[in-house]
Structures are given as structure tokens and as C-alpha cells.
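What follows is a set of structures to go through.
Here subunit A shows up in two complexes: once beside subunit B, once beside subunit C.
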Partner chain A sequence: MNRTSKVEFTVELVRIVTAVAIAYAVALITLFVISDDPVYIIQQFVLGPFSSPRRIGSIINLAIPFTFTGLCMCFMYAVNKFNLSGEGIFMISGCVISMVALKLGNSLPAPIAIAVLFVVGAGVGAIISGIPAIMEAKFKANIVVASLMLNNILVFLAIYLLKYKMRDNTIGFLGSLPLPEVIKFPAVFGKMRVQAGIFVAVIAVILVALLFYKMVFGYKMRVVGNNPQFAKASGINMMGTIIGAQLVGGAIAGMGGTVEILGNYDRFQWTASTQHGFDGLMVAVLARKNPLLVPVAALLLAYIRIGADVVNSKGDIPIEFITIIQGIVILMVAADEFMGGFKKKLIYKAAAEELAAKEKAAQKTA
Partner chain B sequence: MFTLEWIGNFGFSVLRLSTPLIYAGLAAVISAKAGMMNMALEGMMLVAALAGVVVSGMTGNLWIGLAAAILFGVITGGVIAFASISGKTDLYLTCIATNLAAAGGTVFAMYLLTGEKATTSAAIRAYTIPSITIPVIDKIPVIGPMISGHNLLTYVAFFSIWAVWFFLKRTRLGLRLRAVGENPTAASSVGISVKNIGYISFLLSGVLCGLAGAFMSMGWVSFFMKGMINGRGYIGLSASNIASANPAGAGIVAVFFGFTDALATSLKSGSSFPSEFIEMIPYASTMLAVVVIGIIRTNKARKVAKGGH
Partner chain C sequence: MAKEILRMENITKIYDNGFVANKDVTFWLHEGEILALAGENGAGKTTLMKVLFGLEKPQTGRVLLNGEDANIKNTLDAIGKGIGMVHQHFMQVPSLTVAENVLLGIEPMKNGLFDFDKAVEMTREVSEKYNFHVDPLARICDLSVGQKQKVEIMKVLIKGAKIIIMDEPTAVLTPQETDELFEQLLRLRDDGHSFIFISHKLEEVKRICSRITVLRRGHCLGSYDLSDMSEADISRLMVGRDVVLQFEKEDPTPGDPIVKVRDLVKINADGKRVLDGLSFNIRAGEVIGIAGVEGNGQSELSDVLSGMDGFASGTVELNGQSIEGKSVFEIRQQGMSLIPEDRMIHGAAGDMSICDNIISDRYFKPGYKKGMFINKKYIENIADEYIKEYQIACDNKKQAVRYLSGGNIQKVVVAREFTTGGNFIIANQPTRGIDVGAAELIRKAIVRKSREEGTATLLISADLNEVLGCSDKLFVMRKGKIVAVFPKASEVSEAELGEYMLGLKTMTEKEMEGLL
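So, the complex of A and B:
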């Protein structure tokens, strides 16, 4: 790593930490202003998530779907395509694997049944994220619009499947028949009751990081995203790489939906979009599309979310204030000009020092 | 089913449902002509819709509410312009972040103001922008009930198509805006401030989104409801894309999307078909229209490349 890229890395880190700190401060000030008992509420927001092993466990549980959708958005973001279908994929793959699981029942042994469900979930994700990807590549459609329209359609499709194909009429709410016992993930880590999907998430992070940094496809993907002209000039198959990256991303979001159902639900009962896809965008932005940082960003977001949840249940603060904070974080981290002057100054300084050192060396030899 | 009365009513609801799409389409046209893709129409409309209801309820004056809706649309546009033009944030990300923040932020603001999380219908007194009966025309069968008796803002929407065309084609500022969109470097070399034009395009987009939001919460219905824009901003954006940012074309496509919306609404009542599929119609037809226009354009480009006509 040369000095400039070292400076860039440091500034990037400082920038992200500052952005998160500012957003967090905004959250605290908001709570302070609108709450009747600000000290108590702020204490609950900051420390509440750590107040019991169960809550720490729920931070981790919430970070698991964020990790999957964050990884999904890393792929989209890496090739600079804002394919937001992850939102719909998460829901529809959860729905489809529930249907498959109900069909399978207890007929297959657990490992095989779970493997089948993962393949189905990932397949559904890949197919669906391919729709806006191909619409964009072949028909020049706007990918954000295409993927959001698709999400709306998928929500209705999932509700239709739930209502007409697997509804349990004996319960008082709209839910599917109970899922078979074999496929349910056990809870691990004692009192924290973390769902076993965490292991799948860890494996997914490692595999995606290998794909990004150690494999040819990952390299191609990053070149296509960072420098399309260079990629084209060096003969990389642009369209193939761009669509391929989106298919893999979609598959990972599909696995996320699968893990969520297997780990946390007795029945399929989603009747609205889960928002995990959009949270994935925030995670990917925070992690600067580096898959290894995705779990960190996911945990951070989950911590803030659980904090908001605690506050929501303890006081009269609606949980929605968090989305404003999320918007602020995305904007500040993505803003080039935010602390851009600071970065330039540091790079100039580093360059000047390097130059001075060179001159000194030249004088010595002379 | 297909009586004259039904046709008249159906035509009426097509025009009514087209109104927000026309505004959104025109807002997208203005940004597109300035060389930018405004994907935050959804969020801008949502903020404006809430602002209109709240301010008219608080002041007891409908027109102050309408002005507030427009003002908040403009402010949201200004925030996006500031972030993406002055802060050099990726425009896609800025718009997505704005939409996310608006979706949650409106619910948050609504809760703080009224204690409700779903709608303001119970808590805030409703004011609606008046409907206008056009004399003489309203007596004509079929056409009368179709085009008379609409909300004022529906007529303003159709007038805006002309106004946006006039602005873009017949005013100095419109010419500059198009120049920046076509070639920012060339435009800045003759002394046009690309930055200012970018701001102006988003602020004007904000005015149109403000009108759209006001129509949604003070015309279409008389209250604010969580997520009430429901993808209309994106459908409007598609209308502009399909029409290559031509105001009249965007208006026509918006009416077509209004037609699919009206079709879905009238199919839903009195049909045994699962309503979920009917709900998909507006979104599916948007996707389909985008693909069809894409195929037409690529074929045309291929012909041109071959040297044909």
C-alpha cells in the first residue's frame, strides 16, 4: 500500500465513523427534544440493547438478514447497478421455500431438506434479480424503476401464494400452515438464543470475500464498476459480468430470506415487504462495498434498530425516526465532498513529504 | 356493464388517477432535460402530501396548505440538489436515501403531530381542493361526466403539460436548461452556470411534486396516509423515460398508466379473480411498457446503424 492509498483508507475510516457519530448524535438530540423523560429514554436507546443476553442475541439475529441483503447490495453496488430487487427477493424466496417445505413435510432428513430449500431460495433470488438486470442491459430500462416495480409485484404474488396455496384456516390471522419441525434451525449460544443461521451468514461472508478479492470474476466485477472504459478496453465481457454479479447478489438475498424463515418463524406470515432489502443498501454503503466489513455494518445497524425497538416499547417514540437517521448516514458516507478537503490536505502533505525525502536522498548521493 | 354512464365514469376515473402521474412525469421531464434522473419524486410527493394536510388543518386555510405542499416539495428538491450537486453525492444514492427518509420521516412527523401512525383522517380536519364543473360541457352526454367536475388540480395538471413545454421550448431559462442537459461542458463554456441550472431543475421538479402531493392528500382523498404515493413517483419517472423526456409524450404515457390504474380499480369491484393479480396491473404494465419501448428503440438504432430509415 503506498502512502496515498494509506491516507485514503484512513480518511475513509474517519469519514464513516464521523458520519455515523453525527447521525447517532442527531438521533440522540431528536430523542432528547421529543421525549417527556429524555434521560431515561436516551439511556434505554444507548444501553437498552445490551441490557439482557436475550437482547444481545436479538441484535445478532437482526444482523443476520442485514448481512445477507448487505452482501447482495455489495454485488449490485460493485458493478454500479442499483438493482433494488433484493427487497422483493427476500420476501418471495421466504414464501417459496415455505411452500416447498410444506410440500416436503418431514419426508427428507434434515440436512438434505435444508440443502434443497437453500438451493430453491438462491435459485428464486437469482432468477428474480435477473429480470431487472436483463431489462436494463437489453432494453435500456431504468434499473431502479424496474426493480421497484418488480418488488411491488412480488409482494402481491407472495400474498397471493400465502392466501390461496398455504393458508391455515384454523388460526386467527393470515398465516401459512405450520412449517415442518425437521427444517427449523435450533437456537444456539445458550441464553442469547441466536438462530443457527449465523453460521450460514459467516460462511456466506467468507465465500463472498473470496469471490471479490481472490477470484477472476470478482476482479472483473470491480474493474467494470470502478473503471468501465478500462474494462471495455481490456476485453472484459461487460454485459456478462454486470448481469452475472446481479444474479449472484440476488441468489444471496434469496438465501437471506431462506435463513430468516428457517431461523425465526413457525409459519410463513409476511403480508408486507420486510424492508431488509433497503437496509441492505445502507449496510453496503457503510461497508463501502467491502464484503468483510458487511457484518460490522450489519451489527451496527442492528444495534441502532434494537435500540429504537426498546425505546418504542418503553416510551411513546415511534420507531420510524430511525429511517431519517439512516438517510443521513447514507448521504454523508456517500458524499464525496464531506471531509473531502481534509482528505486532499492529507494527500498533499503526504506527497510533499515524499518529495522532500526524495530530494534529501538525491542531495546525499550528489 | 358497458353503458354510456359506465364509460363516462370510467373516463372520469382515468383522468383522476392520471393527475399525480402527469405531475410526476413532468417533474421527471424537467430534471431529465437538465441531464439528471430524479428518482426522488416519490419522496418529494410524500413529504408534500403530508405538509399540505397538516398546514391546511393547522391554519384552517386550504390555500395556505396548498402553498405549504408546494414549499415542502421545493425544499425536498433543494436538499437533493444540495447533496448531489454541492456535496457531490451519487445522485442515485441521494434519491434512494431521500425516498427512504421520506417514507419513515412522514410517519414519524405524523405521529408527533397527531399521535396516529396510519392516517391523519381522524386527527386533522380535512380540507379538499374544490372540484370545478365546466358549464355547457357538463351537459354533453359521456364527455360531460368524463371531463367536467374534476378537481382543480387535475385541470392544472393538463395545463402544466403545456406550461412545461412552453418553459422548455420558449423561454431563455428553458433553453439554458436544455443546453446543460445536452452538453454541460459546452454550456458552461458560454457562461451558463451548470450548478445553478441543476438547482433550478430540482426546485421546479419540487413545485410539480408539491402539486402532485397536494392532489393526493387534498383531492384524491382528504387525509394523509402512510405510504400513500405507492410507487406513483416511479411510474411518473417511467412515463418521462418512455417519452424521451418530451412533456406532451410524458403526459400521454401518464394518462395511459392512469388508464391501467383505473382498469385495476374497476376490475377489483365485482370480480372473483384474486385481487392480488389485479393490484399488480399498474406495476406490471409499467414494466411491460418500458420493455416494449426499449425493443422499439433498439430496433430503430439497429436500422440506423445498418443505414436504413
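So, the complex of A and C:
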């Protein structure tokens, strides 16, 4: 039977690569059709993101928030709860830590100030993701509806706070007062200008992977997600585990919002939902809910996005079509039975071979 | 020789998980005969019948009906070609009447609407023709199990089936209902119907079948004339060795009561008293068996004692402490372990490894964890031990349990629940649907644990051989009540047990006094 598990693993890999390849092929064909200078555009789309250290840095910078929200969604997936509040959390955490940072000013030394902001960001995330989690557990609210509605509330709450609590009236656009210098992350890796939040992201991935696969809480989470009935019969505290996982996930999304502000902005100036939370859903699906694969999926998504940006600025292609390509990737990766027939054939073949080998062995001994 | 009505040739079926359920199976069925299809659980009987009924597509092989290639595409096609299947689990709508159920899918119509009167008339016709004595106007939910099965057979007959597959039809019946079913089958056979009768009850096979086709691990061992074979011959063929039908065990030396149940009442969501005033003790070192037709409160009793579900009134004490209002976790801490009725629902997490599955009840205990981390090395050593002790057939301890066979998954469950350190085990259908070898190992382990460690055991089982063989004391449950108590299970006959299970007999409270 070990052959079966091997086959399943191989097919899983092939499946994701194929899905990405098909989406890419569709993109290239579309480019050919709609562009006046397809070769140049394709070149820009495929190679453009790598054409300068600055652009490579941009890929990494964009992958950082994707990593946080992707990790967040891994927790939701692990306990089978589609708590989508990561979207709103990312924005409101960024907003709240900006307010706190403005209050703190330059009064605290940098490490302490940054630590405080991370605690606040994570705390805000945990509290907020707990709202739909508890509504579902206690009042049987539909968690998808509850979290999506909550996102709306959070987005407008953040805009309200920006407009009436920290707006800088001296600038020509809607933005907060400038954030204090001490808390700003430096750019690293020379010309690539990657924000220092990358280190936080790497640490977060490692910690989450440890939590998932090595720690007691992760074990409980996996049992509950895999078979809640079994968890109950084993005496595992289901409600606690389910809510706990969502709180941790929310905290990580909150840290994502914090890192994004500290690493990339001089002022808080988000006036619409950032979509990073939903991108995190896509990243988690691409990573097959495995936290260790989240950064890979995040980089892939960021690469496609930057490619689109390059094309958008250099050629005659609208950015919208990139969204279509992402949709194709997601559809194919999320469809578990895509290439299912191929998998079955391999499994049948493996099983038949194993049977033949056994019979041969039996004949030999006889 | 009668005409050959059905032939299945070289059928090979491999499931998506790589399990080879049938390998080159060939058998045939004559017109007007009852053919037994026998084999241990997991031998491939049900799969073979699913192929015949169009529920599964085989990788190779073909089905011949009256000598012609039938090429059965789906279930509707199979029904159209005169094949009917009486499933082990009835496919019925409980809130509808018998007539509505019987004609489901082939409803008579009048002016574009369902013609209820016609349906009743058609149902009555079939019922009278074959002496079923089922009221077409009765609701399914008011019928007994035996009657429900008759409805199931009528459904098949009214669609014009000539070949009828019966998948373990007696599993849910009492001995008396079984007798009645057999009379009907013989009558239908004489009427020209042919049956494929799946069963592992050898005496039943001997009683009504003329030939037997034996499967073992997906292979067909051949078809034999039953007049030449004894029950022992058949069982040897099925399992490849002599099965110990009798179970040797020492007499119990019961100690103090571990579990005390008094006037236990549980009322379900429909307001029915599913447990109706139960009182009994389970003492250390004693195995109490609970027999009964399924659905008479056995599962509810298991749920209440394990904390999976609450109860309305009465008291339940485990090791001197009440379990009322406590969680499964707390009751487990008090000494309970549970082999649940359905291993894939309550007993294991399919996608997780053997290691992960054996610690689900104890991951929080010292040794199993180091600080906030799982103690992997310690757990792997223990998993190796269990795999050896319980002869769990697997590639390694990190294999996901869903790749194991049913019997081996059950061994994982048993290995966990027998090592919790508790002194009260609820074994709810511990050997259901697993092969004879694994079942024997588990039964022996249950008895050994009670003898050597003084565990109090509650054994709930639909397998009469199992409850009679493993239990020391035996209760019969009916309608949520204990209706009979036998202080020595080994001295009870199946026929006697059947009479209590069916309600022909009930012990008075005086008779049971002092035995509970």
C-alpha cells in the first residue's frame, strides 16, 4: 500500500506544477492575441520581474504580507473553519498600530517600541478573528458570512479612524500624520531594498511549522481538523482547539499588517481593503495548507503580480488580465479531482504490480 | 441442469486507494437457485455485487446475462435488466408509507400526479402474491426490522427482478424473523427467481443454498455443491484454516463494582425513551455482554457511559464518582476507555499516522510530551511496541491509517484503548466488519485484559457468537430496557437468546433480581 501513498504524493506535485503551467500558458496565449508586440510583452512578463535587483526586491517585499496572511489561512484550514477575517484584520491592525505608533512618538527605544507594536497588532488580530469564531461556536452563525461582514466593518472602521483620528491635513491626499522614525524598518540586501520584515516572516514560518507538526497544540488542531468526531471521542477539547487555532491565525494576520506598515510606509494611508487577506487564501491553497510551503506559494504569487506590473507599465496590456490568470491557477489547484483519472490509473497499475510481485514470491516459496 | 441465467467472468476491481477487491473472479448462477456467496469480511463479496448491480466499474471482466454480454452501465440499467439488490442497510424513507416506498422511482401517474390509490393497489397485489403480509398504508418508521426488509424485497420484486442479490439479509434479524425470511426466499425461488445470498453464517448457507462460491482476499476459490460439504469444510475454505468457533476462557473472578448504573433514563430528540430505567453493575474482572437487535438502546448506552451524550435522569458512577455532566475527557481520566462503534468516525483520523492515532487520548500526559512539544521519540517507540504486540500489518508507524485494512485500523484503535491505563472498557461492536483473524485477536485481548488486569468490560455486539463467547454475564436489551440476564453466557443458546431479543419472552424483575 505504500505505493499508493507515493503515487498520491507524486500526483499532487505534478498536479500543482501542471495547474500553474496551464495558467501560464493561457496567459501567454492571451498576450499573443491582445498585444501588438507580443514577444516583447511576454519577455517582460516572464523575465521582467528579474530584470533588476530592485524588482527582485519587490517580489520579496510583496511576498512578505502574502506569507503572513497565507499562514493565517493555514490555521483556518487546519481546523476546517473558513474564517476569512484575515482580510479585515490585516487592514485594521495596520491602522491600530499606526495610531499607537503616533501616540508613542519617539519616546521609546526602537526595539521596545517595535515589540509593543507587534504585540498590539497580533492582539488586535487575535481578538477580531475570535469574533466570528465564537459567533460560530456559540451561536451557530455561518462563519463565512460572519467573517465577510466583519471585514466590511473593519475596513470602514479603519477609514474612519484614519479620517477623524490621525489625518494629516497638510498633505494633498488622505493619509495619517507621519509615523515616527524609530519604528521604521530599514531596507536590507543592498540594492534589492527588501524590507527588514522578511526576518519576521521567516521566523513566523518556522514557528508556525513547529506549532503545526511538533507541538501539542498543533497535534490537537490536526486531529480536530482531520476528524472532529474522533477528537470528541478521544476527549480532545474541540471548541477550545478550534477557537484557539483561529485566534493564533488572526494574530499572525495582525502581525502581517504590522510588518507591512513598519516596512513599507511613512504614513498610514490605506483607504480601501488591501486584498492581502484573500490573497492569503490563495497562497494557502497553493501551498496545500502546509505552512512550510507558504513562502514558496507567496513568492510565486508575488512574481506573477510583479510581472503584471511590469507589463502594465511597459506595454499595452491591462493589469486586469493577471487576475484572470490567478483565477485559473486557483481553480485548478483547488479542484482536488483535477488529474484524478491520471492518479487512479497510476494507483491501479501500482496495485496490480504489487499483486503480481506477491504472487511471484508465493510461487517461489511454494 | 437448469439454465445458466448469469455469469460473471474474470472480474477484476481495484479501488482508488489501490486496494484490490476482486482479482479474476468468475462465477455463475442458475435459474431458480439460491447461490451462497461466502468469504470473510473484506474478501470482496460486496464489491463483486456492486459490480453486478452497476455501482462499480471493474477494470477487467464482463457480465453475461442469459449468455449475452450485458454491459451494465449503471444501477438503472441493472434494474432494467432484471437485477435487484436488497441492501444490508435499508434504502427507505421512514416518513413515507410502504406503498410510496415500494414504488419510489416507478410511481404510477394519473393526470400528471402521483396516483396513490394505484400504488397501494399494486403494493397490496405483490404483498398478497408472495405472502408478505405488509400493510401498504403503514409508515416505514412504524415497522419492525423484519417488515422493513420485506418492503425492501417487495421494492425489488415490483421492478421485475429475476436475479436478486441479498447482502447479509439476516444480520439485523432475530432467529425467528430469519426463519420467516427463508420460507419466503424458498417460495420465491420455486417461483423462478434466482438469488445470490451473501452471508457468513454457515448454518444459514447450509439451510437454504444449493451451491456456494467462496472468495478469499479478492480471489475466487471456486464454486462447490453444498450437499458435499460440511460447515467445517466451508469455514476452512473461507479463512484457509480451521476457525475456532468455540472460545476457551477461564472463569471470571469478579471484584468490586467499577461501574454502577441506577435507573438510567435517556430521552432522544423525538421524545422517545431510548434508555428506560437501566440499573446494573459492572465489576472488576468481568465482561458483561449486551445482546439485542440493533437500535434497542445499545448505542445510546455506550454514548451515555462514554460521555459522548448526556442522559435525562438516574445515576452513573464510575470508580465511585458520578459522570453526570462530565466531558469525555473527564470520564476518560476517571478510567474509561472506548472502542467506538464505527472506527472511521469515532475511532481514528484516517489521514494521520499510526503514531498520531495512538496518542489521541494521552498526548497531554508526561512522557508523551516535553513542555509544549510532542515527544516524538517516545511515541515512536511505543507505536513500534503496539504494532508488534497487536500484529498491525503496516509499512511503518508513520503510515496514514487510511491505507490500512479495516482489521488493522481496528487493531490500532484497540491498541490505544487497551493501554489507556483505565479500568473500564466499553467495546462497542469491536470486531464489526473485520477479518476473522483480527477479530479473534481482539476478542482474546478483551478477555485477557479482564482476567489479567481486572478490567471491567462492557461488550456490545450484534454478533451473537461474539457476545456468547466472550461475555461472562449476558444482558439482553430491548426498547431501552434489560429484558433478560444470564449469569453464564456460555450456557445460553442462540435460539433462547433470539426469543428474548424479539420480545417473545421477557424475564420478570424477580427472575433478574440479584443478577444485575
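Rule of thumb we're sticking to: the second predicted complex is superposed on the first by the 364 of 366 C-alpha atoms of A that agree within 3 Å, B and C clash if a C-alpha of one lies under 4 Å from a C-alpha of the other, contacts with A are read in each partner's own complex, and residues count from 1 in each chain.
Everything that follows uses one rule, which is that a residue touches a chain if its C-beta (ideal position, glycine included) is under 8 Å from a C-beta of that chain, and two chains touch if they have at least 3 such contacts.
None of these values were measured; they are calculated from a predicted model.
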item	value
Contacts of A:M135 with subunit B and subunit C, given as first, second, both or neither	first
Partner chain in contact with A:Q229 - subunit B first, subunit C second, else both or neither	second
Which of subunit B and subunit C A:Y164 touches, first, second, both or neither	first
Partner chain in contact with A:A25 - subunit B first, subunit C second, else both or neither	neither
First, second, both or neither for A:L292, with subunit B first and subunit C second	neither
First (subunit B), second (subunit C), both or neither touched by A:M149	first
Intersection of the subunit A residues that touch subunit B with those that touch subunit C	none
Complex interface listing, subunit B residues touching subunit A	37, 39, 83, 86-90, 92-98, 100-101, 103-105, 107-108, 111-112, 117, 231, 234-235, 237-238, 241, 274, 276-277, 279-280, 283-284, 286-287, 290-291, 293-295, 297-298
List of subunit A residues in touch with subunit B within their complex	34, 82, 84, 135, 138-142, 144-146, 148-150, 152-153, 156-157, 159-160, 163-164, 278, 281, 285, 318, 320-324, 326-328, 330-331, 334-338, 340
Subunit A residues touching subunit C - in the complex, by the definition given at the top	1-5, 7, 210, 214-217, 219-220, 222-223, 226-227, 229-237, 343-344, 347-348, 350-352, 354-355
Contact set on subunit C toward subunit A in their complex	14, 16-20, 23, 59, 306, 308, 327-333, 338, 340, 345-352, 356, 359-361, 363-364, 369, 372-374, 376, 395, 399-400, 403-404
